[in-house]
Amino acid sequence: MTRFIFRLPDIGEGVTQAEIVAWHVRVGDRVAEDQTLVDVMSEKATVDMTSPVAGVVVAINGEAGDFVPVGSTLVEFEVDGVADSSDTKPVPAAAVSPKPAPPVKAPAKQAPKKTPVPPVMLAEPESAIRASTDTPLASPAVRRRAHELGIALQYVPGSAAAGRITEQDLDDFIARGGVAAAPPIDSQGDRYAKRHGVRETKLIGLRRRIAERMQEAKRNIPHFGYVEEFDMTELEALRRELNEDRRENRPKLTLLPFFMRAIVALVPEFPHINSRYDEEPGVLRSYDAVHIGIATQSDAGLMVPVVRHCESLDLWGCARELSRVTAAARDGTATRDELSGSTITLTSLGTLGGISATPVINAPEVAIIGPNKLVDRPVVRDGQIAIRTLMNLSCSFDHRIVDGHDAARFVAQLRRLIEKPARLFMDRP
Amino acid sequence: MEDDKLSLHIPTPRARPGDPVTFDHISIPAAGLVRRPEISASEEQLRDLPYDLIRVLDPDGKAVGPWNPQLSADHLRRGLRAMLLTRIFDDQLFRAHRQGKTTFFMKSAGEEAIGASQSLALRASDMCFPTYRVVSWLMARDYPVVDLVNQIYSNANDPLKGRQLPILYSARDYGFYSLSGNVGTRIGHAVGWAMASAYKRDTRIAIGYIGEGSTAEGDFHEALTFASVYRAPVILCVTNNQWAISSFQGIAGGEATTFAAKAIAYGLPGLRVDGNDFLAVHAATEWAAQRARANHGATLIELFTYRAAGHSTSDDPTKYRPTNEEQAWPLGDPIERLKQHLLGIGEWSELRHTELIAELTEHVRGACKEADAVGTFGKSKPSAREMFEDVYKEPDWRLIEQRRELGV
Amino acid sequence: MASMNMVQALNSALDLALQRDEDTLIFGQDVGYFGGVFRVTDKLQEKHGVTRCFDAPIAEGGIIATAIGMGAYGLRPVVEIQFADYILPAFDQLVSEAARLRYRSGGQFSAPITVRSPYGGGIFGGQTHSQSPEAIFAHISGLKTVIPSNPYDAKGLLLASIADDDPVIFLEPKRVYNGPFDGYHDRALKTWAEHPMGEVPEEYYTVPLGKAAIVRPGSAMTLLAYGTMVHVAAAAIEESGIDAELLDLRSIVPLDIDTIVASVKRTGRCVIVHEASRYGGFGAELSALVQERCFHYLRSPIERVAGWDTPYPYAFEWDYFPGPARVEAAMRRTLEP
Amino acid sequence: MNRSPMTQTIKTKVLVVGGGPGGYVAAIRCGQLGLDTVLVEADRLGGTCLIRGCIPSKAIIHAAGQFESMARAAQAPRFGIALDTAPRVDFAATTRWKETIVDRLNGGVRALLARAKVRVLSGWGTFSDAKTCKVATAAGEIVIVAEHVILATGSTPVELPSLKFGGRVISSTDLLSLQALPQRLVVVGAGYIGLELGIALRKLGVAVSIVEAQSQILPLYDAKLVEPLRRWLERHGVAVYVGAKVLGLNSRGDAVEAETRQGDKLTLPADRVLVTVGRQPLTSGWGLEEMAVAMHGRFVKIDDRCATSTSNVWAIGDLVGEPMLAHKASAQGEMVAEIIAGKRRRFDVRAIPAICFTEPEIVSVGQDLDAAGGDATMVGVFPLQANGRALSMDAGDDGGFVRVIARKSDHLVLGIQAVGQHVSELAGEFATAIEMGAVLEDIAGTIHAHPSLGEAFHEAVLKSLGHAIHI
């Protein structure tokens, strides 16, 4: 005599459970094959369950009105001879709750959680330290361990003869977080020993695009550099004051918004500077709108997000847009058109500043304006020595479009506005 | 109702669960009254037939009237056997679903006479384009029952290699075209097949089936157009079993006219036949077949019957019609009526009937045991490589790559 | 708030839609007295009247054609196609008429219809009860295609679709009608009662079309999924221990491209999961969009996990249905150096 | 594929097909790792190597060597030892002795598999899909359904269309079970198998001649390495015809006809014709075409983990490509077992040693002169005649030597070869040196026992560094 378990079969179309309507057998009854055992009702239909085997009922699961999940035991039989149970789904016998019950909370058996395999070492290989052609030398044991840890030996410096990688080399590599060390100092601590490491880094992605654009600009545009000293004392005072009592939704003012407003003010007088030069057809497009590119350093490299229509933004508007586009550039959410279409570019290294620079024009524009760092220095003002806040402005112009005299006049006008910021807020500066 | 305001008519059946059952709105003429025209009669002369109801067996089971096909007792007994085998098979496999041996099954309870009689009325080489309640066609042609069960279990010996839903058989050598779950889409294939036969100056004809609900599909009307235009040698049958899952035949246009009458619009003869009368169905089919073979083109036959059970294992008819409606169907049970006729002409006996039932029950149970041994659903299935075969004649690189990715 | 499965949530949405707007009506095969083969229109005819929710002939082309006619008149019909596999006879009406009516009539006519249909596999439906035709509709300009993965979204998205003035194909993953399904078919079946998205407000609310949901924030990679695959992907992430971000697209037209691009730019890796067969599936469009907009941020090829390119094979359901194991394998492939 | 209900079906984690050195090692390692494993082998456990290849041929070669030294002692005393009568050989008894060794090892393999709880099925397996294999066993048909399949069906001798096997024309398998020595043997194909067996039979007194299509015997080795062997053949009257194309048997069927490159015809009378022109992977007759596995020419295509194109179907040994060596198959088998058990492994070896048990023996590991002879390398050669141990074994006079090749830039050892009696046992040290990535200074810095043949390797290295002691 063997035991046969009859489970509530999957009666189709994703039905998860059924309610027992009426039993037609009791424990101890001998039933013939195909004899009706029980009526069950799902949301769809009332269905009579018939016995798949001939045998004696030894156990029944659930009374009328109970909800029984699909796959759980319904009836257990003692059958003569071998009969494998009708398990179509090896599902644990679910708890049966008395009537009337909301849909049965089948015990979400916590699947034995696979211990998460230690994520493969995501050592972002900075660079291979040997030519890709010659395979790294290591003993079978070292090679096996490295492979298990997902480390490509190509990036592991070998200290032994012929660059062979020892167990220690591998341990050091892992200890350093899977990053190739600075050129390995010779073991005797001799700082002047010759160093052999060569690191190859393929220019890809954003790095490659920056390289191409810079090369194109340098090759095609005859740069004319012009540096002028600006007295920023008055402007700095105004900036500090505006920042102190600014409304809380307004961003902190830096120098650049003032330059943006100054450029907007001068564009009508110098339209050819706010333009883009299309080389093939030899056409200069001058724009009424002033879209100022802001050179921004992101971890992937230099990006130039654009504040569009600066003519339509007041000082605070320029400041707000400036911080928005530069942040978007840094965290990679800047859209395609937020990164293109500038008519003139502002580039500032902020506090790093330097005393002067030769900025590369953001082709196909024709001018780039580069404020350097502020520094307090003694100067002669009206015959007296005075401590003033001074700043150099390094600009580059495309000499095909902007003559030297033009450039000098533009920078002089710029200086007049920046040194007397009040003029910035008048209609006709 | 404001007189000038419009209103939307939504057809509803005479009786819903809990209502008393009545079919007196259906006019049932006595057997033998409908005339049997010449097979070459032109369609204009036949325009009364679509509204009539051809019946041969009278209430006592006597064969009366001009449509009596004068069939031999052996032929009738083969029909009875096929119908009984179908019903016993249906009940056995319906229970198998309740025991988890398959996920889906459909009975043809009440409609066994249609497939059985038409299968025996036509030739072995004719091709039938069935719906999913015409399995009696195969039973009448002694298709191996074990292969039906293997297909229902989708086990390792499933002739359709586990790819098709249970009961959606295909058996070309038995003149049984491949079934699928879409409804109405294959009646056009029957017309096409018949046109091909005519094109090749062959002698084989086709018979296509469609449920009354599915006559709403565009496919049905397009098929009738082609059958009429090209005088295709095809018999188009509407099995009007009153129900399309929970929608009664009124939702398919049955309130306004009969389904046979649709033939008139296409210049085709339309016969309306008592679908539970083995002899009437046989006679009408013979008439249509002779007409087709004589190049007089297609005939539309409405087989007026009743779907005695639910739509499928996932349907409970008591949710949308009175529980005892099937008992009240005025045209009775096809098996009982043929049995009574055979008893009447002394060619049958109650003892032989019970013996036949026992023999067929054992035959079906044996086939199920044999299929159980190979394996029921989920316990045995063909190799998963079958999933990637017969998508095209030769598998392309996508299928090869994906079969390799799955690793079978 | 009430605990509802997806069928109840959809029923609640339809009930509210009928209640709020007399120009809304429902028809389709078996949806009237019987309440629909999946019970979605249960008791609506009884509550709102026979002309507000009634049965239709088995003529999918006719159902959509008459719905368009009603829409042109000014009604807002919500029709049901009993299984997405049976929508194809209505394809001409949906593409040549519903999708193009506003465009070709200079805005004079429009078809604000909603076409609801249970779709997807996992229930041994075989070739004609398991298919996922969303890619075909995504390709048609003029149609919107919306796919909820849980009861809360199902109600909100359906009400938004009904309110939307354009024709919307609303595909309901029938495998998760009664409970979330994560692909582990041999484990005990779960119900929505124990799932946060099974808590559904009883009052009217909408979930906007074209807005993806971040089901699980993460950094290592981005998984894009919709319908049942949201739960399969979630299980794969849980199983793999990889800190992946999972987006439930919720609608594929209109598509929330901004959320997708921002996520992939941050994680640098992308795995797309859908039930439909792979070749020309909607995953191909997603892959093209991500490649075009995030190429410089991608650190490995985009992976697609989908059904095999075969008709839906009945008995091989679990060999065909993309489960957590195949999703995890694809996730691992994107991590290989 | 209709299955009669009586067929028994077994579900297993791993199914290994082929019980040769690749298959049985994989199965044992799977067992050790706790994987439920079934091994199917139609013939005897041990495969070609153990039953009809490496082992039996080494036994016959050993016996031949004994016979030859006794025969020479009977001719003239050697180291004071003389024999009155010449030795006689009953080759049937020799092959019976060889069989005892084969049976012992075959029993050993069976015991190892049992200890590793591997279920061994003897019978021919045929696949109906990538994971289902029907095995025709004595007890009836058994169907195995596996999660992982390891294919290790090995290889079979290549048959020349012009010299079909049968009757007089024999393969290496047939030769090893001959009941009597032939008078005259013609060997077609001067690869290592043809030469090993040809030389053994020559030592046993058989008249041997060799026909080779290429221009040199042992074409895979550089000429200097083969020179001592060539001289032995010459001295022992073995006729060697290189660059000669075999046409077939003559009309009477008792001689081999061939044609030299210059066009003149050869007729070589032969009681037996040993055809050893190479081996081919066994890829037909067991349902490989039902498994959707991608091929690479005549071999099964694999990646560096021995994974085929079909998920969880692995292939190892002769089936997957050259070199067709038992120890390569075993290494692959062990690795695949560990991968299936979840470890990260790949077949990343620098050196697979190869040994010819010819007279004298040849060992080669890594690159030889053909591969690495250029000016970027440095070479050191030490003749065995200057090695005490060799002389003490009367093994110094056949022109044998040990040679090391290293990279000039960093002295990395690229290749090591040796030719001479008993050098085969040096294969281990040579392989270790190359696998560990040794440089010349590593070998130079290792004390080699005296007296031993290994010292010759040490001295060869010193020679390459320019300061050998003993030459």
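Details
A, B, C and D are the chain letters, set down in written order, and residue numbers restart from 1 in every chain.
By definition in this document, a contact is a pair of C-beta atoms (placed from the backbone, for glycine too) under 8 Å apart; a residue touches a chain by one contact, two chains touch by 3 or more.
The structure presented is a predicted model; accordingly, all values stated were derived computationally and were not measured.
C-beta contact counts were set side by side for A-C and B-C; B-C has more.
The centroid of the Cα atoms in chain A and the matching centroid in chain C are 29 Å apart. Remark: chain B and chain C have CA centroids separated by 36 Å (rounded to whole angstrom). If you average the CA atoms of chain C and of chain D, the two centres end up 62 Å from each other. In whole angstrom, the spacing between the mean C-alpha positions of chain A and chain D is 57.
Looking at chain C, one finds that residues 37, 124-125 touch two or more other chains. Residue positions 103-104, 314-315, 319, 377, 382, 384, 403, 406, 408 of chain B are each in touch with at least two other chains. Shown for chain A are the residues in touch with two or more other chains, namely 10, 12-13, 44, 89, 150. Pairwise, the chains that touch each other are A-B, A-C, A-D, B-C, B-D.
Residues 156-157, 370, 373-374, 382-385, 400, 403-408 of chain B are the ones touching chain D in the complex. Put simply, chain A touches chain D in their complex at residues 137-140, 143-144, 147-148, 150, 161-164. Residue ranges of chain B in contact with chain C, taken from their complex: 8, 10, 12, 16, 103-104, 154, 158, 162-166, 168, 180-185, 211, 213-214, 216-219, 244-247, 251-253, 314-315, 319-320, 377, 381-382, 384, 386-388, 391, 398-399, 402-403, 406, 408. On the chain B side of its complex with chain A, the touching residues are 92, 95, 97-101, 103-104, 310, 313-316, 318-319, 376-379.
Only residues 10, 12-17, 43-44, 69-71, 89-92, 94, 102-109, 111, 113-114, 116-117, 119-120, 122, 125, 150, 152, 205-206, 209, 331-333, 336 of chain A touch chain C when the two sit together in their complex.
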